[in-house]
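Working notes, structure below.
Labels A, B and C are assigned to the chains in the order they are written; within every chain, residues are numbered from 1.
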Amino acid sequence: MSAAQGPPLSSGMSGGQGLRLTLRGIGHAYRGLQVLQDIDLTVAPGEVLALVGPSGCGKSTLLGIMGGLIAPAAGVVEAHGAVADDCLNPITYVFQDFALLPWRSVRDNVALPLEPHLPRAARRARVDEVLALTGLDAFAEAWPRELSGGMRQRVGIARALAVRPACLLMDEPLSALDAQTRTLLLEEFAGLIARAGTTTVYVTHTLSEAVRIGHEVAVMSRRPGRVRALLRIDRPIEGRRATDPDLLAMEARIWAMIRDDAATAERERVDAAD
Amino acid sequence: MRRIDGAIAFRGGGFAPRARAWAAAGTLIGLVALWQALEMAQLVPTLFLPAPLAIGRTLWALTVSGELWKHLSASLLRLAVGWTVGTVFGIAVGLAVGLWSALRSPVMAVVAALFPIPKIALVPLFIIWFGIGEGSKIATIGFGVFFPTVIATAGGVDGVPRGLIRMGQGFGLPTWKIVRSIVLPGALPAILTGFRVTSSIAIVLLVAAEMIGAERGIGAFILAAGNLYDMDALLAGIVVLSVLGLAVAWAIGVAERVLLRWR
Amino acid sequence: MRRQPALSRRLLLGSALLAPRLARAAEPVRFGLLHTLSPAPFYLAQERGYFRDEGLDVAFRFFQAAQPIAAAAVAGDIDLGVTALTGGFFNLAEKGVLKVIGGGLHEERGYEGSAILVSNKAFEAGLTSVDKLPGHSFAITQYGSSFHYMLGRIAQAKGFDLSSVSLRPVQQISNMLAAVTSGQVDATIAIASQARPAAAAGQAHIIGWAGDLVPYQITALFAATRFLTDSPEQVRRFCQAYKRGVADYRAAFLRRDPQGRPVVDALTLAAVADISRYVFTGDPQAEAKILAGVGYYDENAALDVADVLDQLRWFRAEGLVKGDADPRSMLDTRFLPTR
C-alpha cells in the first residue's frame, strides 16, 4: 500500500496555490565563522527542494532560518501564498532526532501541537487520522522508547502532518536510521508529502535521497555555504526508481561537484576538533 | 608456540550488583536482635543504650496513651505545610532561574550564598520575623526545603534537551505551553530526585523547628526526652523519625514509578 | 584599685602556706559548674586558696547549660559538680551513678533570686499577680528544668492546675527573657540580675519572687558515685574548702543591717573583686551586677534534704522522672550538714 493513495490532505494546495518560499541574500555567522553567504533561493508552491552539501556547509542552519528558529545575520525569508483555515502551523519542522517527548505516548506526542488550538474531540479525530495515515494506529498508546527509530520518525511526520502544514522543513529526517529503514521510509514520506501537497525543503547528505525526492536539488558549497548549483529533475516523483540510470547519472554529477569540498570539509572538521 | 584445545571459559559477568529487599530487611532485623542480645547478656549498660524491647515498650505505651499521635500529628502538619511552601516557591524560582537570563545569575548568587547556612542558626531570626508559634517552625522547614528545590529544579530545567524546546517553538506553541508541557515534565525527574533530598532535610529540620516554643511535636518530644536523660523515650522518638523518613522515601519511590513510568 | 587588698592578702596567705603545701603533692579534682554568678562560693574558695589549703588541685570545667554537667559526671569527665536539681539530674541519679552531697543556691524568703516576669501586653491585659497565670503562656527552658519545677510549685502553692498554663520550651534562658520582652510569651521566670533591668527599662513587669512564693533548694553539690567510693577523703576535703567559701560568701553578701538592707563593706568589695575574675570580667559595672545577682546560700552549705525529696516526688508525679530507686540512696550526707 502506498501512502500516496487516497484523498489529498486538506491544506496542501496543489496547482501552485500553496506557499512560495523566497530566500534573499541570506548570510549567517556563528562564533566569528561565516557559515552562510549570499543565499538566494525560491521554492515553488507544492514543490520539494532537496538541499545537499558537504558536512558543515550550513544546510541545517539554513533550514533553521527558514523555520524562524535561527535569526539570520543578513537577508530575509519570505513566504507568500494562501493557507487553508484548518492549518494550525503553516511552516512545520520534521527533526533529525525526532524530538519526541519521552513522557508522552505516541498519541499524546502527535496531539501536542494541536492542544492550544483544538478541543479534545477534534484533536482526537485528527490524531487518529494521521496515525492511520502513517501506519501507527496499533502503536498509539506506546511510549517512544518502545519504538524503533523508523517508527519514531513516523511519529515525527505524523505530528507534523497533524497541524496540516503548508510547508514542511525536513532536517535529515532519515539520517538516524539504518539503510534499509531509510529506503522504506523515503518511499513512504515521498508519498505523504505528495498527498499533503506541501511546499517542502528536504535537507539530506545522502545524494540518492535527494534525487529520489526532490523536484529540484540545491547543491551547496563548503563553508561559507553558498548555493553552487540548482538542478531540476524533470521526472514525476511518483514512480522514480533507485535504479533509474538518469537519476544515477544526476547523483554522480552532484558528487563530482561536492567531492573536493566534502574532503576539505572533513579535514577542516578534524582541524577544528584539535 | 602453544596449542589451545577445549571449550572457551566464560569470563564476563559481575559488576552488576542487584538490590535484594530481603537482605536489607534481614540486616536491620539482625542488628536489632544482636543489640537486644547484647543488652540481655548485660554487655552494654542500659544507662548508655536502652534495649530495643524497652524502646518498643515505650513506643507502645506512647501509642496506646495517644501521646504519640498528639506529637506526630503536630509534626506531620508542620512538615506538610513547611515542605509544600518550600517546594512550591522552590520550583517556581527554579523554573524562573532555568528560563530567564535576567534572573539566573542574581538568584543563583543569592541561593549559593544562603544555601549553606545552617537553618538552625536562623531559628532566632525566624522567631523575630514569624513569631514563636507555627510561623517560625514552618519557615524553618520551608527555608531548608526551598534552596535545594531551586537548585534541583534549575538543574532539571537545564537538563531538558534544547531540541525539545525548539520543537515546541517550531510548532508555534505559546511560552506557557512549552513550560507546562515540555520544560516541567522534562525537569520532573530531577525535581523528584530533589524531593528525596528535601524530604530528609525537612525531617532533620523538624527537631530544630520544634526547639522553640513547641508544646507538642516529635522534635519537641525528642528534645524534652534528651533533656530529661530519658533514653527510652529519646530513642523511641528517634525510631518514629526514622520510620517517618522511610515512609516518605517509600512514598516518593511510588510517585517516581507512577510519574516516570515512561522511562 | 579595689582588688589591691584581696591580692595582697592572697599573696600573704600563699607565702605563709607555701612550705607545708609543698610537702604533699596537690591531688587533682575535676569540678563542673556553670559559668555564671550562681556558683560564686566556689570562685571564692578557688581564688582564696581554700582548695589548695586542703591539698587539692581543683580544675574548673565550665558548662553552658546545667543538664550536661550531670551527664559529664556520668561519662567520667568530672568528679564533682554543682548544678540545678532538674528532671534530667534525677533521672541519672535514679541509675545510682550520681549522689547529692551538699546544698547550693537556695530560693529563700526575703532574698530576691528568681522573679516571675510578665510581658507588658499580658500585664496590661490583667496578668498582675501570680494566681492569674492560668490561661497564659509561660516560657521555660525545657520540660523538667528548674523553671518548670518552680512553676509547678507555684501552681501548688496558689492552688491552680499546672496544665492550665501553656508551657513553651525555648531551650535557653536568653530565649525565655526575649520571648517575654518581645511579647511572644506572656510570662517566664528570670533571675534578679536580668529581671530587674528589664523591668526598669519598661520591657516587662515583675509580679513576684520565687523565693517568697516557694522557697527551695535550687542547686546542689553532687559527686559521681564512683568518686565517692574511690576517694571519700578528697570529697571531705573539697567540702571543707567549700564551707569556707560559703562562709566568706555569706559574710560578703548576706548580712543585713537593722533596716533589713544588705550590708556592703570592705568584705563585700573584696569578694566582688575575686568573683569578677570569673564573671563580668572587665565589665565596668561588674560590682553592680554582682550585687544585684547574688542569691542565698545556707550556712555551712547545708543541704535542704526534705526539699530535695519533695522535688523528686514532684518530678516523679509529673512523669518527668522514671524509676523507683530509694530517694535516700540518691543522697550522701556524710560530708556536709543538712537543714
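Quick notes
The definition used in the following text is that a contact is a pair of C-beta atoms (placed from the backbone, for glycine too) under 8 Å apart; a residue touches a chain by one contact, two chains touch by 3 or more.
Treat the numbers as computed from the prediction; the structure is a model and nothing was measured.
Distance from per-chain Cα centroids to the pooled protein Cα centroid is smallest for B.
The pair of chains sharing the greatest count of C-beta contacts is B-C.
Mean C-alpha positions place subunit B and subunit C at a centre distance of 42 Å. The geometric centre of subunit A is 48 Å away from that of subunit B, both derived from CA atoms. With centres taken as mean Cα positions, subunit C sits 88 Å from subunit A.
Those residues of subunit B lying in contact with subunit A across their complex are 163-164, 166-174, 177, 181-182, 185-186, 188, 260, 262-263.
Listing the residues of subunit A that touch subunit B in their complex gives 67, 69, 88-89, 92-93, 95, 97, 99, 101-104, 112-113, 115-116, 143-145, 159, 163. Interface residues of subunit B, counted against subunit C in their complex, comprise 47, 124, 127-128, 131-132, 211-215, 220, 223-224, 227-230, 232.
Against subunit B, in their complex, subunit C makes its touches with residues 67, 70-71, 74, 86-88, 91-92, 95, 97, 139, 142-145, 166-171, 175, 178-179, 182, 184-185, 320-322.
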